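As written, the chains take the letters A, B and C, and residue 1 is the first residue of each chain.
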Amino acid sequence: MFKNRKFLMFMLFAALSVLVLAACGGDDKGTKDKDSKGGKSTSALEAIKANDKIVWGVKNDTKLFGLKNPSTGEIEGFDVDIAKEITKIILGDETKVEFKEVTSKTRIPMLNNGDIDAIIATMTISEERRKEVDFTDVYFEAGQSLLVKKGSKIKSIDDIDSSTKVIAVKGSTSAINIREKAPKAQVLEFENYAEAFTALKAGQGDVLTTDDSILYGMASEDNSFELVGGKFTEEPYGIAMKKGNDDFVKAVNDALAELKSNGKYDEIHDKWIEK
Amino acid sequence: MLDFTILTENIGMFIEGFKNTLIVSLLALIGSFILGTLIAVFRIAPIKPLNWIGTMYVEFFRNIPLLIILFFIFVGLPVLGVRFSGFQAGTIALTIYTAAFIAEAIRAGVLSVHKGQTEAARSSGLTYVQTMRYIILPQAIKIVIPPLGNQFLNLVKNSSVLTIVAAGELMYQGDLISSRTFVTFDVYIFIALFYLIITLPLSYGVNRLEKSLAKSN
Amino acid sequence: MIRFQNVNKHYGDFHVLKDINLTIEKGEVVVIIGPSGSGKSTLLRCINRLETISDGLLEVNEVEINSKKTDINDLRKNIGMVFQHFYLYPHKTVLQNIMLAPMKVLGKSEEEAKKTALYYLEKVGIPDKANAFPSQLSGGQQQRVAIARGLAMSPGIMLFDEPTSALDPEMIGEVLDVMKALAREGMTMVVVTHEMGFAREVADRVIFIDKGQILEDANPAEFFSEPKEERAKLFLSRIFNH
């Protein structure tokens, strides 16, 4: 009897500690809300100008968009160059940037707790995400596609059936899309693109799906793989900001428009995408 | 407060993950106990080449990260033509990794039994194997139970690493849910609760076993 | 029955046993005495190969102990051993301690082994402790159980390694009494001990060993009244003046 009571106490204690933890989590959210309310009095854009720096969340593992150059330690790619040009327009100097490395999983929490000012990390604009963050205008038109080993019997999305193992990345819209477009497929989700591509190369899946922009990067690295079937979704990439920072969104949109009109955008696009 | 709708809306995924974690843990627990005992025997047996194999095994596998063993089995072995699913690779990696620690726990337990016990048994004509079975192991098990329990608890928690090979266990399902809903914190708390459902009874059972064995002496 | 011929043993650089020559006949009771560290326990432990010899010849019942061809487990069946610290199996009852080897080594049935065990427990005077665990017994009782455990294999030889050294003084007598009774029944016994009274009363021969060498090999009356060696004299005077 005594022993059972002790066990019960033990369980109770464990449950309690979890609830306390949970309560702390709740508090956390509360303070965040207060912060964003307070943020309205001094706008995000003013805060950034006062800080004289924009902190961008970028990918570090995505070829062509945001990839860490191992020899320099710098992150390079389309997203990075666009971020630099926008910073140049807003703050007058392209060196007033700081890049923080994010993943699909960490980018929204990092934005919301103030670690970064904006996300420019191959992020598709979606309705679900709009509930969490604000997006700028589209800065890149990608579309989801399929990467397979050359000679694969999969030629398009219609060839995917219940025997097909589809590799995707955790938290990506492509992982959700593929379940809609090919509901029978078995979807395996990996931590990042590198692991996903490694899994494909090891034959742990038949096809890797994500935005064509990223797949082109993979295919350029290992030419025994190829894209098939063309785009089957529209994946408009947007830059994400914390909700309610309208003036910052507008400033970035203006900057984007300027880049497109003065030819700078096409220059960067050609440098990375259309080789 | 905790967002319980996350739990109720995704309960199917949580249950699926819980089921897979439970199965992986159970398989790896049995597997690593058998393999670990075998390696311990290799290390203790009075046969030099077996000692070397045992030592090499332990020193190799307990000194590299589980993550790397797992990744090697998942994407390295296919190069040699052996392909395991994430679930299988995870079970194998956990078994191999944990066995190294279990072997050490068992070896330490066996060595802690006084040498005189072996001498008394061997001088009465019992063979080495009989001495182990009837005299040394029954005494060693009492000493080994607590560290063994720790290893089993670690095993259950270490199974969360399997998320990187999409093994479909708790951590993987949690990652999927949190990456879709963006409420990472709450999801991880629910995952922690599911782990507790496995680890607390295990922990309690080990304590009970330890006490009842202590009493029997 | 036991024959040492030019036996040497080294522990690394340490020369533990030096050129040992010794023959023990069936039914003899031989007591080995000597200062601590003299090698007397090592000598005893070589007889059932708890220690291996470095060179020389050691035979028991005409079987070479250290030959690779020898089935040591088979040989040990015939040699019982009693240790200073008893080494009873703590997780087994007295009865189970005694029954284990007869069942597992000799293949006796449980019934038969139990009968034998009870017989020897009776003989060492503690039949009422059959179902006790070793931790519930006094030192003297534990050592008597250990003797019964050795006897249950019906060995031709019994080795005793300082069987009373770990006992409280009031318990030494009960263990020695059992050993004396055994000697009278004609058991071949090799006993390492400091109990000079036992040696004088029971032994057929006393072996004095120092620094790994056998210095005296005589009958007890002779040895105790007029030891030949200076070191033996010194040893005896130290023991008796305490």
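Operating definition for what follows: a contact is a pair of C-beta atoms (placed from the backbone, for glycine too) under 8 Å apart; a residue touches a chain by one contact, two chains touch by 3 or more.
Worth saying up front: this structure is predicted, and the values here are computed from it rather than measured.
In this assembly, the chain whose C-alpha centre lies farthest from chain A is C. Inter-chain contacts peak for the pair A-B, counting C-beta pairs in contact.
Between the Cα centres of chain B and chain C there is a gap of 46 Å. Look at where the CA atoms of chain A average out and do the same for chain B: the two points lie 35 Å apart. Once the centre of each chain is set as its mean CA position, chain A and chain C turn out to be 80 Å apart. The residues of chain C lying in touch with chain B in their complex are 48, 50, 73-74, 76-77, 79-81, 83, 85, 87-91, 100-101, 104-106, 133, 135, 146, 149-150, 153. Contact residues on chain B toward chain C in their complex (touch as defined above): 114, 116-117, 119-127, 130, 134-135, 138-139, 216-217.
Those residues of chain B that touch chain A in the complex are listed here as 1-2, 74-76, 78-79, 83, 85-86, 163-166, 172, 175-176, 178-180, 182, 184-186, 189, 192-193, 196, 200, 204, 208.
Per the touch definition, chain A reaches chain B in the complex via residues 3, 7, 10-11, 14, 18-19, 21-23, 25-26, 28, 104-105, 108-109, 128, 132, 170-172, 175-176, 188-191, 195, 198-199, 201-204.
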